[in-house]
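For reference, the structure I am asking about is given below.
Naming follows writing order (A, B and C), and every chain is counted from residue 1.
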C-alpha cells in the first residue's frame, strides 16, 4: 500500500475526489451568488433554499406518478430534469425578484440580506412542514452508475460527470458575462443602470432575468446534487454560509474569483479532512478570515466597498 | 423685434407660466408655420421632495441647435433628464411631434429616437472602448456607421481595446458622443460637452456638432461656456430657478450681451 | 446602515417610552403570579439579547450576523463551569460574560475593518467556526448539549432551584445589564457612537477614532449577549447547539427589526413579540419558521422602523390633529 505523508493513497485520492465534488458545488453556487451580488448588489441568502428547490423539483418530476396518482403522468427522469428543473427554478426566481427583491434595490444593501433571510425561512419552513427533516432518495441515472478502478483510486462516473459539467457551466457563464454583448449590458448596468436604460435597454426586465439566471444556476446545482446528497429541506442550510465565505474569498462580485475559490476551497477542505479531520468543517472560514486580513478584496476582487 | 422686459424676482412665480408661452411664441420667428419637433409645456420635476423644475416651456424644431443657458443649479441638466425620462417625478407635457412622452420610461423614449449624453460622460469602466461604443442599441435607421464615427473621432480607432475610463477627458467625450451617433437617434441631448476640456478639444467638439447639424440632426445643448454655444446654436433659452426666463435667436445676441452676462453671472 | 435607524427621537416618544417601560417593570415584578416563571425568564433573556444586539445594529450601524456566537459561548461556558468547578452561579456568569466579551473583541477586531454586507458575512463565518467547535468538541456533547446544569446557590446562600426564585434572580441581573446598556447609549461615548454611525467622515474629522469606537460597542454588545446566554443556560439548565446556531442570530435581528432599531423599548417589544409567537407556534412545528420568515419579509418591505416607528408616526398624526382643534 502506498503511503503519502503517512496516509494511504486511496484515502488521499478519495478525499480529493470528495473535495473536487464539493468544490464543484461551491463553485456553481457561489457563481450564482457572485452574479446576483455583482450585478444587482443583492446578498442572496435564499440561494441555498433555491438550490434545495432545484433538487426537490427533480425529485417531484421523478415521482410525478406517485404524487398525482391516477392522472397518468410519466416519471420524468434525471436527463429531462437537468433542463426542466433549472427552468422552473429560474421562473420562481424571476417571480421572487418581481415581488420582493426589486423593492430593496434603493435601500441599504443590508436589507437585501434581511429580506432573503426571511425568504429562506419561509421556503425552508414550508418544505419542512411537508417533508420533515428526513431526506428523499434520488437515484444516480443508469448511464452514470458505477465507476472505474484505477488502482490508486476509484473513479465514480457520476462524480466525474458532476465535476466536468460544473467546470463547463461555470466557464460558459464567465464567458457570457465577460466576453459577449449581453454580458456587456450586464456589466454596464451594474455601473450605471439609469444610463443603460436611457440607451433603450429595458433594465428592470434585464435585472429580473439576471436574478432568475443566478437562481437557475442554484437549481441546476440542486438537480446534480440530488443523486449524491439526499434531497432534504435543510440541504441548503449550512451550504449557503460556506458559499458566502467562498464568495468573500474570491472577491465579492468577481465571477472568476467565485469559480476559482469554489474549486480551490473544496480541494483544501478535502485535504484537511485527510490530515486534520476536526478542522475540515471550519478551515474555509479560517481561510476567509485570513484573506480578509491580508487581502481584503479577495483573490480576484474588484474595488472594495 | 420688441425688446423683452426683464422680469422682477418676486413676480416670476406668477408670470412664469404666462411668460413661458410668450417666450415660446416670440422666438418662433424661425419656423412659425411648421410644427415643433419637441414641444415642452409647463414641465415640472422633483428630486424627491425638492422641486427642481417649476415650469419649463420651450420648442425645438427639426434640424436646429438650441442651447439651454443658465447658472449652476438652474435646472438645465434636469430639463434634459426630464426629456429623457430619467426623472422619477415629472408633470406637464413633453411632445415629440404628437407623441406624449411625459409618462414614458427612459428606455421607451430612447427607442423613439432621442439620445442623451450625460454631464459625467457615463463611460463604463468595466467595458472596453469598443464595447462602450457599440453598447447603445440601434433604435432606427440613418445612424452613422462605425467607419463614419471613426472619421469624426480618429483617436477612438487607436484606443479600441483600452478600458473605457483609461481615456482622457476629451477622448471620453468623443466616445460618449460617438456611441449615440450609431443609434440613429435624431434628437441629441448634450449635457455640458466641453466641461473641463482643453480649448483644442473644445474646438474639435464644435466642429463635430456642426457636422451633425449638417447631417440634419437636432441638438439640445446645455452649456456654461457661452462663447462656445453662440457660434453653434440657432436659438438660446435662459433658465433660472427652474423656469425659462428668456430666449433669443443668435442674431439677437450681440444686442443683449449685458443682459446675458447678468443671467449667467459672469 | 443609517437608513435603518430612527435618527431623531421625537419628544412624544420619550414620554410614552418611559411610561411603557415603567408599566412593564411593574408587571415584571408581579408577573410570576400569572405566568409561568420560565416563560418570563425566556422573555427577559431575549430582551437582554436584543438590547445587546441593538447596541451594534441600531446605535453603531453594524449589521452583525453572528451574535448567537456570543450568546452561545457564554451559555456553554456557564454550563460547563458550574458543572465541573465548585463555583457559584454569579461567578459562572461573570466567567461567561468575560468569555463572550473577549470573543467579541477578537471577532470585532477582525470584522470591523469592513463595512456593510462584508461585516455581516465575516461575523457569520466567525460564528460558524464557533458553532462547529461546539458541535465537535467532546465536552459539549454535540447534539445533546450540556444537560443538567446545576443552578446552584446565589452568593452561596440563596437556593436557585425554585423557578420563581430563579426568575427574580434573572430579573435582577437583567435589570443590571439592561440599565447598563441604557447608560452606555446615553453617555458621551454613546453620542460619539451615534456620530460615527450617522456621518463617519465627519466624526473622524472631529478627531474620533471610528474603528475603535465601533470595536468598543461590539465588545460591550458581545458581553451583554453573553450575559443573556449565561442566564439562559442556568435557567433552563441546558446549553445546546441551538444557542450557537445562525438561526438564533437571525432571530435576534428580527427582534430588533420588529421592535424598532436604535430605540430603548424597541428590543423589548420585539423580543416579547418573537418569544410569544415562538411559544404559540411551537405546537405547529415548522410553522414557526414560516411565520418568522413572513414577518421578516413584511418588516423589511413595509415596516423598517418597527413597532416603535409605527407608533411614532401614529402619535405624530394624532398630535397634528389635536393641535388643529
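What we mean here is this: contacts are C-beta pairs under 8 Å (C-beta built on N, C-alpha and C of every residue); 3 or more make two chains touch, one makes a residue touch a chain.
Please read all numbers here as calculations on a predicted model, not as lab measurements.
Trainee: Viewed as a graph of touching chains, is the assembly arranged as a line, ring, star, complete set, or other?
Mentor: Graph shape, chains as nodes and touching pairs as edges: a line.
Trainee: Any idea whether A-C or A-B has more C-beta pairs in contact?
Mentor: Per the contact counts, A-C leads.
Trainee: How big is the gap, in whole Å, between where the Cα atoms of subunit B centre and where those of subunit C centre?
Mentor: Here subunit B and subunit C have centroids separated by 55 Å.
Trainee: Could you please state the distance in Å, as a whole number, between where the Cα atoms of subunit A are centred and where those of subunit C are centred?
Mentor: Going by mean C-alpha positions, subunit A sits 33 Å from subunit C.
Trainee: Can you check how far apart subunit A and subunit B are, centre to centre, with Cα atoms defining each centre and the answer in Å?
Mentor: 47
Trainee: Spell out the part of subunit C that touches subunit A in their complex, as residue ranges.
Mentor: Residue list for subunit C touching subunit A: 1-4, 63, 65, 110, 113-118, 120-122, 124-126, 128-129, 132-133, 135-136, 246, 250, 253, 257, 285-297, 299-301, 304.
Trainee: So in the complex, which bits of subunit A are touching subunit C?
Mentor: Subunit A reaches subunit C through residues 37, 43, 100, 103-104, 107-115, 117-126, 128-129, 241, 244-245, 247-248, 252, 278, 281-282, 285-286, 288-289, 292-293, 296, 304-305.
Trainee: Which residues of subunit B touch subunit A in the complex?
Mentor: Within the complex, subunit B touches subunit A at residues 84-86, 105-107, 109-111, 115-116, 118, 122, 124-127, 131, 134-137, 139, 180, 183.
Trainee: Help me check something: in the complex, which residues belonging to subunit A touch subunit B?
Mentor: Of all residues in subunit A, those touching subunit B are 181, 184-185, 187-188, 190-192, 194-203.
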